[in-house]
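Okay, so here's the structure we're looking at.
The letters A, B, C, D and E name the chains in turn, as written, and every chain counts its residues from 1.
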Amino acid sequence: MAWFVFISLAVLTIGGALGVVVTRNVVHAALALLVSLIAVAGVYLVLFAEFLALVQVLIYGGAIIIVLLFAIMLTRGSDYPRITDNKQWPLAALAALAFLGVLAPSFIINSVEGTQAQNASFTGIGESLFTTWAVPFEIASLVLLVALIGAIIIARSDDEEEEG
Amino acid sequence: MQWAWLIPVFGFAAAPIIVVFGRYLPGKGSWLSILAIGGGFVVFWFVLNSWLGASNATSGCFTSENTGLLTCDYERVWFNAGIVGAAGSVTLFWGILIDPLTIAMLGLVTFVALMVQVYSLAYMKGDPRFGWYFAVHSLFAASMLTLVLADNFLLLYVAWELVGICSYLLIGFWHERPKAREAAKKAFIVTRIGDVGLLIGILLIWREVGSFSMLDAFEAVRTGAMSEGVATASAILLFLGAMGKSAQIPFHVWLPDAMEGPTPVSALIHAATMVIAGVYLVARTFPLFEAYDAVPLLVVSIVGLATALMAATIALVATDLKRILAYSTISHLGLMMLSLGAFGYTAAIFHLMAHGFSKALLFLGAGSVLHSTELQETGEMGGLRKVMPLTAIVFSIGALSLGGIPILAGFWSKDEILVAVSDNRNLTFIVLTLFTALLSALYMGRAMFLVFFGPLKERNNQVHDAPIAMALPMVLLGVLALGFGLISFNWPGSFGGFGTFLFFGHGEEFHFKVWLGVLSIVMAVAAFTVAYLIYVRRSISLDGVRSRNAGILKVIENQYYFDEVYQWTVDHVVLVFARFIGYFDRAIVNDILVNGPADVTRKFGIMLRLHVTGNVSSYALGMALGSVGLGIFVWLRVA
Amino acid sequence: MNGLSDNLELLTPEFALAGLAFLVFTVDLFLPKGRKGYLAWLSIAGLIALIVLSLVMLWDEEESLYNGLLAVDSFSLFFKVFFLGMGVFIILSSMDFVEHRLKYQGEFYGLLLFSILGMNLMAQSRELLTAYIALELLSFSLYVLAAYAKDSAKSNESALKYIIVGAVSSAILLYGVSMVYSTLGVTKFDDIAIGLAAATDVSPALWVGVGLILVGLMFKVSAVPFHMWAPDVYEGAPYPVTAYLAIGSKAAAFALLLRLVGEGFVPAAERWEQWQLVFAALAAVSMLVGNLVALAQKNLKRLMAYSSIGHAGFILAGITALSTNSDLASNGVMFYLVGYSITNMVVFAALISFFNMTGKELITDLGGLADHQPFLAACLGMGLFSLAGLPIFAGFTMKFYLFTAVATEGFLWLAALAIFSSLISLYYYLNILRQVYIEPAPAGEGGGDLLEEYPALTRRPSLPMLTVLGSGVAAIIWLGVYPRPLIEAIEAASRAVMS
Amino acid sequence: MNDFDQVAMLLLIVVPLAGAASMMFMPGGQSKEAWYFAIFIAAISLALSLVIFANYDYGRGGFQYLSSYEWLPGPLDIKLSLGIDGISAPMVLLNGIVLFGGVLVSQTVKYRTRDFFVLLFALSAGVYGVFVARDLFFLFFFYELAVLPMYLLIGVWGSSTDFGTFLRTKEYGAMKLLMFLVGGSILVWIGILALYSEASDLGAATFSLQGLAVLAETGQFDRNFQIWVFPLFMVGFGVLAGLWPFHTWSPDGHVAAPTAVSMLHAGVLMKLGAYGIIRVGMFLLPEGADAWMPVLISLGSVNVLYGAVSAMSQNDLKYIIGYSSVSHMGYVLIGIATLDNIGVAGAVLQMFSHGIMTALMFLLVGAIYDRTHTRDITVLNGLATRMPVNSFFFAIAGLASLGLPGLSGFIAEFMVFTGAFRTYMPLAVLAVIGAALTAIYILRLLARTFMGEADERWAGLPDASPVEMGVGAAFVGILIFVGVWPDPLLRVINVGVQTIPGV
Amino acid sequence: MIDLVWFQLLSAVLFVIGLYGVMARRSAVLIVMSIELMLNAVNINLIAAASHMEGTGRFSNFDGQLIAIFIITVAAAEVGLALAIILRIFRNRSTINVDEINLMKW
């Protein structure tokens, strides 16, 4: 049962990912990304990380995809809707495969077996998030702030700024 | 006697003073230099006197094992190479060595130099560089005197080089003349080539003996501490130097050109300083030459004979007066070398002095001729005896003396040489030597008759005889050229003859091989008569001989093409090679070996920068590949 | 159990810095246009105050906060002071530029301050995630700053390239983190050291993970082959930002690398010996490629980018030589970082003020600078000589120190290579100098006289610039003649890391 | 040890540096004032070097004027330790003299005079430093310091020359010179690092020459190590000494350089190389030196012959002198390579005498160039009649360089030959022949330039200016003095040479 | 049940696909998407590891999930910033094809 779920999720994930990198239509790519990300959320569920799954669906499935679609709409016309890969893609494919060749064996060789996926309690997560991980947490907030300010400064067009 | 070092010092002191302050002094300071050399001449007499009075007891004096002469040696430290006493260190000395050879040379040099300088007072009058002339002159004399006095090879080499440079300066005195310039350069470089041999020889001896003192070297030879090979090698190397200075084949080419300098300079060079240094060197280092079975001496005699013959033939056909004299000098130097090579030590030095006086006389005479006629070509002269009698007389004395007419100095010395050769060398040598003597009589006669006898050319009507300042030296030298030979006899009483005063090994009384003497007298007289008949009476015509031997004549007239060959070598070997190296240094070393790598590096950089394509995807690719590489490394090495 | 409140006061400088940034943002809102220059002075004052504060508060504190996420030790103090000081210099040298060529001054300085905060935290963090977040704080600010000249296509382009490659690299780094985490279950440096030392038949994922983490950091220090972004970003970014990239972010990344290697690798001695070769290889390639390609550059910023790649190679050589038995190498690295940053500061300050006068950034534009700006030329010259590693400037002593360290740790070949490539670098530095001192001034576009075209060339550089140049030159000469005080401070600092 | 002895060495370095520093703050543009001030500084340092040389106690020998200052304690343990021995004392004197002369004749520098002197003093401070440093770090520090101002000195104040077939720009000359010298110095640097790391492996990590010398004497550097490290120093320093085939920077550098720079460059800078070989190579790596000397002496002989022959074919005065210095440095290298106390002493003496001699020659070439604006000996002629004094000086210098007895060159070359004859006779013979070749190109130069009928183009050329006359006379005086009475120098050199291991 | 290695392999494949996308796509927006894929791969890896900690003898912790949270946060911020820059470029250059954005090269 779990195997069936996992495999189907994996297929969805990878399929969506492939869709992102091969499709010739931007919007389709975005939708494929959505599929893949939701599937990833599913994988989290398989791993008993419900909270993360939730976050995944909300932030990715919600926010990020929307933002991306906006961006696509705003930048329409460059060569929309058809997009192509650049000339080096075969090389890229080789490189990617080589990378996989480095990664995969490192996981397979003497990997630990027969372990059960456990779930982590919300309380535990919250607890350590605000004790041990307080500092990264605060920094992360600053990161978001910086990104926000930056995005505004860069994206806004200056005529508005002249008035302000 | 230990004050002998003063003799050169006068000159060394005078020279810089004249150079610096000369222009403020009366007479441009010429009198200073005359004073200096005169002082040297005076001191010489004291030295001679005290040597005669000296004995083994005298401080610094001893009887040399080699020469059997009373030798006095004084030295003072010059500088130390290496710490004193430490292993491998050497101490170098200012040292003077006084024995009859030295004394004889001192006398010759100081006297002739003095004469020449007095003569120059008149001869060089009005020259813009009058003072400079005298400065170099006294430096020249001083260096030569140092050379004569030196008791160690280093000091000798120092003086040797100084003599060379002074001759360079004097020959090139009128450096505006390209010929003079080239002649000076030639003189210096040619002799310098010989000097390489000399220096190597000196260093070789040092390497063997560990000291630069000549006496030590002789001692080492005598005791056999110096191996035969080294002795022979170093002797021959030293002889190279001597050949250079004494204009022996093949280094003789510089001497004829050296006449580009003022004539008194030629007189000095030919008679008293430059050229006799070589002969002196061989005489001084004789022990090295005659050590073991005296191979070097054979070389010396052969070279000497060849030089003598070659030069004599050229002198016979040369038409330029000074050139005739120059080749005669070469020829007589050859004779001296031959004599040395034939163990004729005494004879050689004797001839050296006799020739010195006579040749100085001849050059001064020639000088006064062209001072007044401004001619050098014998062809345009003739009959000058009518207008300049004194010059004619003294010149004739010199010519006859060198020609070997009896009772004149040259006769006795030449006779001694013949004796030596006949004693120690085979028949060929004797014959050729006699032939040379004949030739020298012949060309001397020729010169004398061509210049002073025969009809007087009208363009020379107005010329006057030499002024007093020039006349006096000539007269004094004339007297010597006449009478000098007499000192070779053993006079009843004190003096046992030159042969007992200056000798190598054991002194010998004056002796005389009748047949040789007669033969040489006959030949000399005959030669002069023939010359008279040809050039004055014109009763014998040479045209027949000329036409028959045109080929040989041409060769001789071109001085056996030595200059041409050398010039060719310089132009087509040395300079070409030098240009090639110069080109090599620029084109190969610089443009290829230096700029090459630099350019390659720059080009490489230009090529390498292309990997930054400006396309961000390729940057990502680069990172991916980099990571893969790192991963692979990890797989290989760590995991 | 240690919570938020747990000796929090040790983080006061960080909070204060963040506060300063916010202050700048808010004051910016109320300042009328044309008065924005005050913001720079405000931030400078704040930074100086912070330097004093941190020196007073943290002087020989040896604390580790949040069970080892953050370290408050002499090492972090050293770099804190160093970064804050650099911040002062950067702001000083960017004032004119920002005022005349950029919009949104307030945000510029605010972001600058945030990035400095990020650098401080990088030097402090002793745990992978914390390090990563701090690094992102720095990077994000830099992304924005690189894009700051909004209307310049080059600026946008550089920002885009920077953020894409940066994101990829941080993804790779994170993947490495995840692999390390999945094999060891820990992310603290010292725990990693323990894990490495103990690890015997553990899955190779650990090693690959470590490798990927290195990739992420190598990107930050722009080591070959992860360097390609650098030239473009340097060329495109606004001049002061370029300077900041070359000085600040590189130094911060090396500080992090130093602590990571020093606490996480070196203790696992025999493992470290295996890894040394990786660093050696990266160092060798970086110094060669950087210096060789720099030979072919025409644009000053781009040239400085490649030269900084080369210098990264030198510093990596120093990292290679880190070892337990002597802290010579870590001293060398820190000394080099300081000396290199100050020297670069001087060079960039000179170039920026030249740019302010003419708006030109090609090497050939510098012709005849020595005639109309002697002081600028002299400073530039000294800076370049120092970069080339010639006495009496910092460059000589720092190179000598570092290479000696490398050689004594048995990497003589690497030291030799470094020396050789600094010979190559001499060539292009001299080419700049040649323009400045030997070549005549080029004619202006109008073919007219350059000075008429750019009257600014006849005026003195602005006061802030003079301050930077003067003090900078003084500093590099001081470091070149008598670096002892600095080196003693460094020794104290490096002892904290090299335990 | 009085107070002066304590600070003498420091003063030697600090005086020029202080001069340079204080000149920086002088208002630019006023060349005369700058020149006067420079003379003042140079005079002080000349006086210093004279006093120091005069007070060097050759009876006691060894290093004197010792002084040492903590510079960087800790693992590296670098001390600023100074002092001179019999080898460096004459070099210090030489630098003082040449610097003074160079500054004096630099009155012709009108463009950015102040900066010129600043760089000149920085350079000479470096030179002093190398000669008095007793610590590898500082030796190298000052070595680089002496090299780096050359680029600007040549690049800014130099001159480009078009030789018809090829062009030598000052930029090219300067760049080539600096790349060569720094290229040599990186070898030295690597060598120093090798020495240090070897020493630290032996547990005695130090840069101090004494410390390393102790290791060397106790034979702790093993033979193979010495054999692979010595060439680094031999070539590295050799580049600066004009070692063939790394000599080519020197003539081009001279052609481009201004007068004073040529004087210092040929007069002093090239000596640094030879000095380095002795001080570092022979003192610290005796076995390596022993193993490599055949190579060095062969290269030295090549230097002598190659330099002489290529000088023969040149037509530019500076090229001729440049190649002749290549040739003369050959004697120095040969002398060093003899490992024989006379030979090495000769080499050091040659360093001194060649320094004075070349400096004088370049001074005069500069004088001629200033007046005629050409250095082409096919154009120049008969200058002897136009400027007799200069010609006289030049003749003396030329004669000194062709090894005429009575001038300093002879004694030095003679001692070199002597040493070489004791050790490597065949090559020594070559060297002697080279000495004869010198005569050829020197006389060619003299004949072409000074003798002959003077072109009316050169009519009315002024003769030596008072400054030139003074400096020239002084240099000629030194040449003659050393040639006639070398003992004052030699007795100092001897004690220095005696301490070299393996000599 | 399902072993950790399978999740890891899944993440590896996802990561590599994302990497390929970054290298091969021309549109900047798509490159950003691919980067998101890579980050998700990271998260899968972390969470899988975190929840397999139990019972492997290694101590249990939540760090994996926490790290994942942080990564998601940063990723979101990154996307925002990246898109802002992309918009700016589109406004100035009216293209977002990265291989047309190469003013600066070599």
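Assorted remarks:
Everything that follows uses one rule, which is that a residue touches a chain if its C-beta (ideal position, glycine included) is under 8 Å from a C-beta of that chain, and two chains touch if they have at least 3 such contacts.
Source: prediction; values computed, not measured.
The chains in contact with chain C and with chain E alike are A, B.
The minimum number of touch steps linking chain A to chain C comes to 1. Taking the mean of each chain's C-alpha atoms as its centre, the chain lying closest to the overall protein C-alpha centroid is D. Most remote from chain B, judged by the distance between CA-atom centroids, is A. Just to note, of C-D and B-D, the chains joined by more C-beta pairs in contact are B-D.
Taking each chain's centre as the average of its CA atoms, chain D and chain E sit 65 Å apart.
Distance between chain centres (mean CA atoms), chain B to chain E: 98 Å. Chain B and chain C have CA centres that are 78 Å apart.
Computed centre separation for the pair chain A/chain D is 70 angstrom, with centres defined by C-alpha atoms. Across the assembly, chain D contributes 179 as residues in contact with two or more other chains.
Of all residues in chain B, those touching 2 or more other chains are 609, 612, 614-618, 620-621, 624-625, 627, 631, 635, 639, listed in ascending order.
Taken residue by residue, chain C touches two or more other chains at 129, 133, 136, 140, 143-144, 147, 150-151, 159-161, 164, 168, 172, 179, 204-205, 207-208, 231-232, 296, whereas all remaining positions touch fewer. Pairs of chains meeting the touch criterion are A-B, A-C, A-E, B-C, B-D, B-E, C-D, C-E.
Chain B contributes residues 78-83, 86, 88-90, 154, 157-159, 161-162, 165, 168, 172, 175-176, 178, 181-182, 184-185, 188-189, 192-193, 195-196, 199-200, 203-204, 206-207, 574-575, 577-579, 581-586, 589-590, 593-594, 598 to its touches with chain D in the complex. The touching residues of chain B, counted against chain A in their complex, run 615, 617-618, 621, 624-625, 627-628, 631-632, 635, 639. Residues of chain E touching chain C in their complex: 4, 8, 11, 15, 18-19, 22, 28, 31-32, 35, 38-39, 41-42, 45-46, 48-50, 53, 58-59, 61, 63-64, 66-67, 70-71, 74, 77-78, 81-82, 85-86, 88-89, 92-93, 98, 101-106. Within the complex formed with chain D, the chain C residues making contact are 326-328, 331, 374, 381, 385, 390-392, 396, 400-401, 403-404, 407-408, 410, 412, 415-416, 419-420, 422-423, 426-427, 430, 433-434, 437-438, 482-484, 487-488, 491. Interface residues of chain A facing chain B in the complex, by the touch rule stated above, are 86, 88, 91-92, 95-96, 98-99, 101-103, 105-106.
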